[in-house]
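There are two complexes below, and they share subunit A, which is joined by subunit B in the first and by subunit C in the second.
Moving on to the complex of A and B:
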């Protein structure tokens, strides 16, 4: 990553000739206006999403973040159609959706981080040059593949596999009064997010590994390290900030992913029961982002609209925090590797 | 040199990870190619979608979805490119006032990080206001607008395409040697002329890279299209939409792109038609591959120039 600073080269106004003409002044003003517009966009996004979502928070207070006696899907349904007596319905306990986002994102990070790190080491340090040159563009194609295609792959190929091999009939029947088990569940959500974010992490990690100064590596080899020890003791330590930056970036992607998760997690705002053993991972969930997509036809109801925008507020705050975290980490990375 | 067992295991695991990566890529690509080619035909590519049978909700072709993807990409980039290049020039060539430069730089990072579903919500909140109904359509006489049109979705898509344009252009502009700027100033050229004649042409490959990256992001986005263009996959475009004088009406109408077509046709959507979904996914993947090949070419050209 380049640092975007260097001394400015400017024409000196007193040098005569055609220095600051009127066109120059207008151009400068336009550029300043465009740049200020970016600040306005960010401010407007924050203001509008908060403004529309606020009634949902103010009606529920802190219990917004808790879990209620009424299932989330019923609450969202009532907020769309009105409660059974036909009145307005503003109660919302969003814990199931928060949990859905936490479970899928957390699981995907746990699965993809070690895999991405190892794959990046393979590409940057171990693989033959030709194979690495072949894998590089493939990783970027994978990182650019639209999430809806991963979602399609998950639901048409992986879901049937999970359903046939991991869900025994008797156990499914035993749980069926509580929730129907299908191939679309927490596990599939984690898998589809892993497919999405692992290439992104591999690309960032491999770039960082390549930027580790050769001298440092040669030093390690000269001290008697073999390739693996050198990677572990020198390269990985040197790229720690890049590991943080890449992971936070990937986490932002995973938290905000709506479509692929809407396809893969079964789209029921269920709270998986840890007492079910490994079936915990075979129960459906629904994340914040995919809830917005799933209920997107109900925006004409002000109560449901407020609830969905409140989900958007949580996503906005989370991703903004992750963005700033990633920025701080990548600054540290530049400092660490830039000085050599 | 003694090689410890733990080291051998480590290297072994890394090789396994690499192999898994290669196998996963091969499986996904083969799956797309086999299933996609089974569906693709001339009629599929040039026909309009139609309601299908009970088992398979979607039949017919995907022409409106292909056109929709190209429209959203073209309009989104038409907005994002001038804005993005302007921001990049400001952040590299001017940087004054400093507070604005710092703020804009952070704003671009934040825009990069905001999930597209939040942009979709933002667009919905803004464009559903009645006085903006000229870019979508009014909802009855409620004084609101539908906020679902090519205009609405393209404007939000511009925000998705903007950060890559800014970042690539910035890096490229920094790569233009200062001597060239000094030479232009020495010849008595002003700042605007120098930027227009020296800096921007010198940074052209990097700027193009940014555009291509932005195109890839826009073409692959589903959430914005789903909420701001409508899920109108089975709705044929208005009659005579391809005629130039109907363009405005067409751009104000709802529609679909390849991504929403796939989402609608998947078992998760209402269509539940794997066949057409595979076909559309294959076409979309071809678009993404073309974008990536363009990227590789551009980066080679940049290296060659140095």
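Moving on to the complex of A and C:
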């Protein structure tokens, strides 16, 4: 490895003198102004979302987070059109939407993490160079594909397959008075999110694996580790900060995904029944983010608007907590790595 | 460098002057709202532009019936397009001028052998009171897969008014509430035991051929059957203004409701120049 004896960046020749310093000053001021402006915009968005969504929380208190006797879709409908007597309607029990987000995001993370880690190890460590050079751009393209494409793939290709192969007619008949079972359900939501976030995780994990210093790996091999043990004990440990960061980034994308989930999860804010066995995963849900898109046509009703912005508040808090949590966790992992 | 800048500035100034004088001569009418009215609205706007020899330019944008009503109230649109009647969310002080009658249709999968349904049966299906095709005469049909629209949809509100008895009687919560007419239609096309409600425009053309349109009470939903008053499941589409229409806006609305507007409308829906009360009674 080459060692650098001179600085990477040549100092600029000081021909301009005072005028160069002034240019630097102006440049710095412009950059500070731009960053400050970004911060103000973010703060303004946060304040606005909280302000508009607040009436929904204040009208319902803690029961906002619970599940009520009236289905969530009916409550959202009433908050748009008024209750059956024509009065305003402010009740909201958002548990079905919270559960929809939890189930789809959680399921997708459980499914995609091991898959992404193994795929990244293959691409970064085991695959022949040519194959890796072929797979790399594919992973990048998949990671950057717009979610609506995955949504279309889910509803046009996967949904009919699930409907024809996994849902027996007698069970569908038995459940039909409660809920219509179609190919779009929790399972399809998890699958479509997995398809979306796995490439993102693979790309981040593989980059991190490639950055693990070669001498660490060589050291492990020299000590008698086989390749698998070296990967497990050295590489995976070394990239723990990247594992945390990649997973969090993927989780952020999954939590906020609206369009693809709106198409894939069955369009009913239903609470799947764990007593239904594996049919639990074949029942529909509607996540927070997809509720916002699905009902966004009704913003002219102040009650519905407050409810949808309240969903936005939860999403804002979740993603902010994820980002901050990931920073802390990956810093802790780095520290541990540096110390040991 | 300086020379180039001067040339650039001069070109811009000339361009500005040209477009400036052009827009001074053209009257602009900004309309928008219902996505169901977007295609028809654009066709009307184009024809009106020709009839006035380009002196009036009508622009059309989407956003949904609700956005059309709010836009008319707060001045974003001089004319808001709405496919739904007044509701409790409709801002005060708006005038709804009907321009069409638009039929609503019940569609099923082409594999469905049912020849037709009664209005009462449609109501039972979408209220969740009948959930199996065997109760409607199709022994092997299995569970009925009903597809609905989200509560904010103008199509759903009109369906609830026409078939369920009131604009605020909700469709059964066991029916998936999809985000557009097109998604409902493709859900039925993909599901042998599916059933959904869509507007007439979604039952014609190559897309309309992917599903089977059912006669209701023995009458097929066609424009002809609406004109002759045989098919009674239709709803009006409106041009919405703040207060009574006046000036250029009134001239345009009168043109749409006259014979020249009707000639354009005929392809998409049934022209109607009656009153709001005739639409909702």
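General remarks:
Everything below uses one rule, namely that the second predicted complex is superposed on the first by the 296 of 340 C-alpha atoms of A that agree within 3 Å, B and C clash if a C-alpha of one lies under 4 Å from a C-alpha of the other, contacts with A are read in each partner's own complex, and residues count from 1 in each chain.
Following the convention adopted for this analysis, contacts are C-beta pairs under 8 Å (C-beta built on N, C-alpha and C of every residue); 3 or more make two chains touch, one makes a residue touch a chain.
All figures in this text were calculated on a predicted structure; none of them were measured in a lab.
Superposition of the two complexes onto subunit A shows a clash between subunit B and subunit C.
Of the two partner chains placed by the overlay, only subunit C lies in contact with A:268; subunit B stays clear of it.
Of the two partner chains, subunit B is the only one touched by A:34; subunit C is not. Of the two partner chains, subunit B is the only one that A:123 touches; subunit C does not reach it. Within the superposed three-chain model, A:176 lies in touch with subunit C and out of touch with subunit B [touch as defined at top]. Applying the stated contact rule after C-alpha superposition, one finds that A:161 touches neither subunit B nor subunit C. When both complexes are overlaid on chain A, the residue A:110 reaches neither subunit B nor subunit C. Touch criterion met: A:295 reaches subunit C, while subunit B stays clear of it. When both complexes are overlaid on chain A, the residue A:133 reaches neither subunit B nor subunit C. Set against each other, subunit B and subunit C touch different numbers of residues in subunit A, with B touching more. When the two complexes are overlaid on their common chain A, residue A:77 makes contact with subunit C while staying clear of subunit B.
When the two complexes are laid over each other on chain A, subunit A has residues 155, 184, 262-263, 267, 293, 296, 299 in contact with both subunit B and subunit C. Only residues 63-67, 69-70, 87-89, 91, 128, 131-132, 142-147, 150-153, 157, 167-170, 173-179, 183, 186-187, 190-191 of subunit C touch subunit A when the two sit together in their complex.
Residues of subunit A that touch subunit C in their complex: 71, 73-74, 76-77, 80-82, 84, 86, 155, 159-160, 163, 169, 172-173, 175-182, 184, 262-263, 266-268, 284, 293-301, 304. Touching subunit A in their complex are the following residues of subunit B: 1, 3-4, 7-8, 10-11, 13-18, 20-22, 24-25, 28, 31-32, 83, 86-87, 89-95, 97, 100-101, 103-122, 124-126, 159, 170-171, 174, 178, 181-182, 185, 188-195, 216, 219-223, 226-227, 231, 259, 262-263, 266-268, 274, 277-278, 281, 284-285, 288-289, 291-292, 295-296.
Subunit A meets subunit B in the complex at residues 2, 4, 6, 8-12, 15, 17-21, 23-24, 27-28, 30-32, 34-39, 41-42, 44-45, 48-49, 51-52, 115, 118-119, 121-123, 126-127, 135, 137-142, 144-149, 151-153, 155-157, 184, 195, 202, 224, 226-229, 232, 249, 252-253, 255-259, 262-264, 267, 289, 292-293, 296, 299, 308-309, 312, 315-316, 319-320, 322-324, 326-327.
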